[in-house]
Amino acid sequence: MIKVNFFAALREALNCNETQLEVNEPVTVEQARLLLIESNPSWAKSLTNNSLLTAVNQELVQDDFIVNPNDELAFFPPVTGG
Amino acid sequence: MIKVNFFAALREALNCNETQLEVNEPVTVEQARLLLIESNPSWAKSLTNNSLLTAVNQELVQDDFIVNPNDELAFFPPVTGG
Amino acid sequence: MSTNIPNDRIVIQTADFDHGDEVNLLESDNNEDGAVVTFCGRVRNNNLGLDVKGLTLEHYPGMTEKSLQNIVNTAREKWSLGRVTVIHRVGKLLIGEQIVFVGVTCKHRGDAFAANEFIMDFLKVKAPFWKKELTNQGEKWLDAKSSDTNKAQEWKSE
Amino acid sequence: MSTNIPNDRIVIQTADFDHGDEVNLLESDNNEDGAVVTFCGRVRNNNLGLDVKGLTLEHYPGMTEKSLQNIVNTAREKWSLGRVTVIHRVGKLLIGEQIVFVGVTCKHRGDAFAANEFIMDFLKVKAPFWKKELTNQGEKWLDAKSSDTNKAQEWKSE
């Protein structure tokens, strides 16, 4: 199982803070994204927004990064702190 | 009359804070320097040190700058504040 | 340098901080570093022509601290730094309130300026914080600025 | 911005100053400028391998203030700045004591960093201050550093 977090505008657009993906083997970030859309078709537009950033285990990663079961995955908009 | 100030290491080398040059017409900074050496030959080495800076009326100037009677002239080493 | 004061101080908090206290902490028991550079960012009363009344700062607990530590570590690889403090507030903030503090001590002022600006530039594009502004036209998530992306990029081409 | 607080604060004094108070002054009644950058220089316990016990700072009264105002004016021509504070101490100073403070407020952080470093770089080579260090080998006037001359030169070639 992969824990998935959403933040800020994306969290509000999906109306979801946190969900999980039931997978038992490694998937890429891109595959994880498609699995999430499969389970929640209404998320398609928000989750395929090109500007979204992705973190695995709290480190920024690219779409081809491998996510393992028990990893923590997060999607969020470009950051605006400081 | 031109008022002349010396600062820091130069002031100590000349053993003089302030002196005056009795001139009634404009001179260049270089001429002023030579007049000072004429009246105080022992100052020659310290006053011809290439690294010295010169200010007229509290603004940094070059050797060909014109000093008028009643101006304030100052010689000092490179600055080391901050 | 005293071993009682750790060289990195990275804090995420809702409470305000005191600029003077932070500088004292950076300088206390530290007679080697002649230079201290601080940056403090506050909530402005204007943005893109809108009246701003305040903002809410959301973050990704855990990743935020990791990300800031990574940025500070990278700065330490580039420059020989003394102490580094990074404080970022989260939650609701009003106009004029302090948002972020970065303080760097160093033997040489050039390194302190560069490292402080580097940390801010990367905090702006890497650390998981998001601002939602309350303006006279309602609440709105801030868009990321391409000028911030460009600033961070410039360090890479050095 | 309030008209009660002048935009430039340039002070030469023997007394110490309070970093926090100076930041408060820069920020008070100022909700337009989101960025504040400060530099503070202190007496280090080491220089070129010698143990430093303290130093005496001499200056050229009158010219010092003029020179600092000129530097601040030039910075204001290059960047759009809010408030600027420059404080420089003179007289006898011990290890760890504060020597100089430069604070700049600005809408944008990049300008605040650049202007602050510009003011320090030119203060170092233009403002008539001289340091005499008391080391374990006696008193000695500091030599100007070519690295400081180079730093100031770099701004001209921009």
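Chains: A, B, C and D, in written order; residue numbering restarts at 1 for each.
As a convention for this text, a contact is a pair of C-beta atoms (placed from the backbone, for glycine too) under 8 Å apart; a residue touches a chain by one contact, two chains touch by 3 or more.
Since the structure is predicted, the reported quantities are computational estimates derived from the model, not experimental observations.
Contact with chain A and chain C alike is made by no chain in this entry.
Ranked by separation of Cα centres from chain D, the top chain is A. Distance from the chain B centre to the chain C centre is 48 Å, each centre being the mean of its Cα atoms.
Averaging Cα coordinates per chain places chain A and chain B 72 Å apart. Chain C and chain D have Cα centroids separated by 22 Å. The residues of chain C that reach two or more other chains are 41, 109, 120, listed in rising order.
Within chain A, contacts with two or more other chains are made by residues 82.
Annotation, chain-chain contacts: A-C, B-D, C-D (touch as defined at the top). Remark: chain A residues 5, 7-9, 12, 51, 55, 58-60, 74, 76-82 touch chain C in the complex. Taken in their complex, chain D has these residues touching chain C: 18-21, 23-24, 27, 30-46, 95-96, 107, 109-110, 112-113, 116-117, 120, 151. Against chain A, the residues of chain C that register as touching in their complex are 41, 57-60, 62-63, 66-67, 88, 99-100, 120, 123-132, 141-145.
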